[in-house]
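Mind looking over this structure? Questions follow.
When the chains are written out, they are named A, B, C and D in that same order, and each has its own residue count from 1.
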Amino acid sequence: MASKKINILKSLSIERLNAFSDGVFAIAITLLVLGIAVPEVMPGPHLNEELTNRLIALFPKVLSFGISFTIIGIFWFGHHLLFQYIKKIDRNLIWLNIFLLMVISFIPFPAALLGEYGYAQPAILIYGLTLLIVGILFATIWWYAARKRNFIDDSLDDHMIKKALNIILLASMSYFIAIVVSFFNPFISLLIYVLIPILYIIPSPIDEFIK
Amino acid sequence: MASKKINILKSLSIERLNAFSDGVFAIAITLLVLGIAVPEVMPGPHLNEELTNRLIALFPKVLSFGISFTIIGIFWFGHHLLFQYIKKIDRNLIWLNIFLLMVISFIPFPAALLGEYGYAQPAILIYGLTLLIVGILFATIWWYAARKRNFIDDSLDDHMIKKALNIILLASMSYFIAIVVSFFNPFISLLIYVLIPILYIIPSPIDEFIK
Amino acid sequence: MASKKINILKSLSIERLNAFSDGVFAIAITLLVLGIAVPEVMPGPHLNEELTNRLIALFPKVLSFGISFTIIGIFWFGHHLLFQYIKKIDRNLIWLNIFLLMVISFIPFPAALLGEYGYAQPAILIYGLTLLIVGILFATIWWYAARKRNFIDDSLDDHMIKKALNIILLASMSYFIAIVVSFFNPFISLLIYVLIPILYIIPSPIDEFIK
Amino acid sequence: MASKKINILKSLSIERLNAFSDGVFAIAITLLVLGIAVPEVMPGPHLNEELTNRLIALFPKVLSFGISFTIIGIFWFGHHLLFQYIKKIDRNLIWLNIFLLMVISFIPFPAALLGEYGYAQPAILIYGLTLLIVGILFATIWWYAARKRNFIDDSLDDHMIKKALNIILLASMSYFIAIVVSFFNPFISLLIYVLIPILYIIPSPIDEFIK
């Protein structure tokens, strides 16, 4: 009977955990747009000009929206890939995943902050820190699941497991560097934020893992 | 083993990509209502009158809500139809779809902008531009998937494939015209925004593709 | 081949239409809480007292939240029951359903309006009007699906079909009466808004249809 | 025929009720971040310092976000566990569940309130009261379902049923104590709010039920 209950827990979790995770990813990614508020312009003869200026001034917010959307998209994609190979979960893994979702659902805040104060070091710091924590949680989840080899798919060999971990750590390392660099040159940090997603989207060595 | 992993990627993607897309569509469409704020009216003997006036003044926002909801509804419907015939996906298609979702989830902003400044050319421009980009992404997805004939359902012949593309391009073209026209007569652009959805809802030649 | 495509459309729609509808219902119902804003109170020696007063003053908003949540819950429940018996859909039914979702997703606005100006006739009018339109759309969907008897489940006899329609029309009629009454006595309208949901929740003749 | 309809109701409900519940949980948990607004800082030579101060001042809001996210996560987890053993539902259970979702979807308000006025007794009271009501609804759902033994899985013996109820009541009791204590020492109440989730996350006697 005990083993039966474990099975119930298992069957419960993978499927509904994924559905719940997908829900949180989809909502967090869609809430990003709330960081872009409609500008308030006084009606008058110069409304069109002023509105145009105010809309152009929104560019950093739209850029932050675009970058953050892409990053959450990558996280969603990565979550899929990992949990595709994770065949068994326990309480620890469920909670690691819930804490991951917590940081994912937090992203609209640093994204709005970066859209508002993209030139300011504290905003760049908070943004990078949030993404770094996401990376660490992803790495912990994968490390924990792969540790005993009995939580993940048999078809994965040691080389693949390590490769996946490296791909996760590469992003975390980049965000860590971006945080450190922000104290000296915030502009370079912003550049790193823009470049990392591109690295994960274009066909690259990262691709090998999912092929 | 390589082919097995490709299968896993494939099985992962179509189903969960659709579920994720549906989630983003459902959230974006439901966030539109946040563009209509409750008016602030001072309590007093004329509250009812003033509240009525303020509610009547919300009409452009409600209209923008209605049009935008219908348009996202059409996009959702179109997404279904296309991905019903798409039987295989790759990394490029996943990312084209994520960028499509990015623009879909952005719609609440131009919708709120149009509701606030419906008479102003910049608002009309941004609205049309957003919808134009959605159209171009839809066309690219369909073109990419149909290109090699091996991503889409065998039951589709060349005529159907082209027809579907034309239906997508018709909307994109209309939004492009609306943008150009907005520089001369914003009112006609608004009319185009109202009329295009109707064209896609009523039974028409467009229907043929889905029948 | 034509019939094959109709089947595809059919299989597409019922399942994903329901999932999409569930998504919109779930989001609209959860957005209701955004109508209750945290009061702004100046820090000081009387903060606790003032905060308590401000929280008590939120009671109408919490009440509107509760009523509106229950009403959307009933609509969700009703949507389930109807679409459980609807076995086939066409383009018209899809669009009737999308327009129904449009009005459902609009509910957070009249709900917030009622929470703010519950004593004012225009707010009561807009609230009732929204719910009335939902009722009319539900009735139209059911009437349209049941009309030819080939869209709905064979196990339903004429008596059941009519009964379902009557249950829908009963609510619509009540909301219509609430609107008319609001011009004379807004308080009675509010009472109707509170009482109708109760009628649909407690075991009653309405129950018979679903048993 | 009557029994057939009961079956339809049953099949409808468990699956779609769970999906709907998951949706509401996922949205409510993701809306929590909206309680943390981007601070408004005047551009100037001291922007970085002031922004840093304002971000540090957001700590109580981030803490409330973290606690509330964890608590909703626990509720979601608990909902899963209970409804895993509930094999049959009726109208009462559906409505008990909808009222549970109502209070869950309300949580973003007391969470934002606690983030803003975490030191004030009324905020602590409302927060605890909301969680207490969730606990009571969970207990009622479980008590109602287990009462006749025909709604829940046969594999559960009386000991397990009672244990589950006790686990639910333990949290409710703790929140009740936190409310009472808040009149004397709000700080201890806050401590209880932080500690209870930890009790439910770490492996503990609570674990036994789900193993």
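By our rule, a contact is a pair of C-beta atoms (placed from the backbone, for glycine too) under 8 Å apart; a residue touches a chain by one contact, two chains touch by 3 or more.
Because the structure is a prediction, the values reported are computed rather than measured.
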{"item": "Chain separated most widely from subunit B, comparing mean CA positions", "value": "D"}
{"item": "Same vs different contact residues, subunit B with subunit C, by half of numbers used", "value": "different"}
{"item": "Approximate Å spacing (C-alpha centroids) for the pair subunit A, subunit C", "value": "35"}
{"item": "Gap in Å, rounded to a whole number, between the CA centres of subunit D and subunit A", "value": "25"}
{"item": "Junction residues of subunit C - those touching two or more other chains", "value": "19, 23, 27, 31, 34"}
{"item": "Interchain contacts, given as pairs of chains that touch", "value": "A-B, A-D, B-C, C-D"}
{"item": "Residues of subunit A defined as touching subunit D within the complex", "value": "1-2, 4-6, 8-9, 12-13, 16, 19-20, 23-24, 27-28, 31, 34-35, 91, 94-95, 98, 101-102, 105-106, 108-109, 112-113, 116-117, 120-123, 126"}
{"item": "Complex contact set, residues of subunit C against subunit D", "value": "18-19, 22-23, 25-27, 29-34, 36, 38, 41, 47-48, 51-52, 55, 65-66, 69-70, 73, 76-77, 80-81, 84, 155, 201, 203, 207, 210-211"}
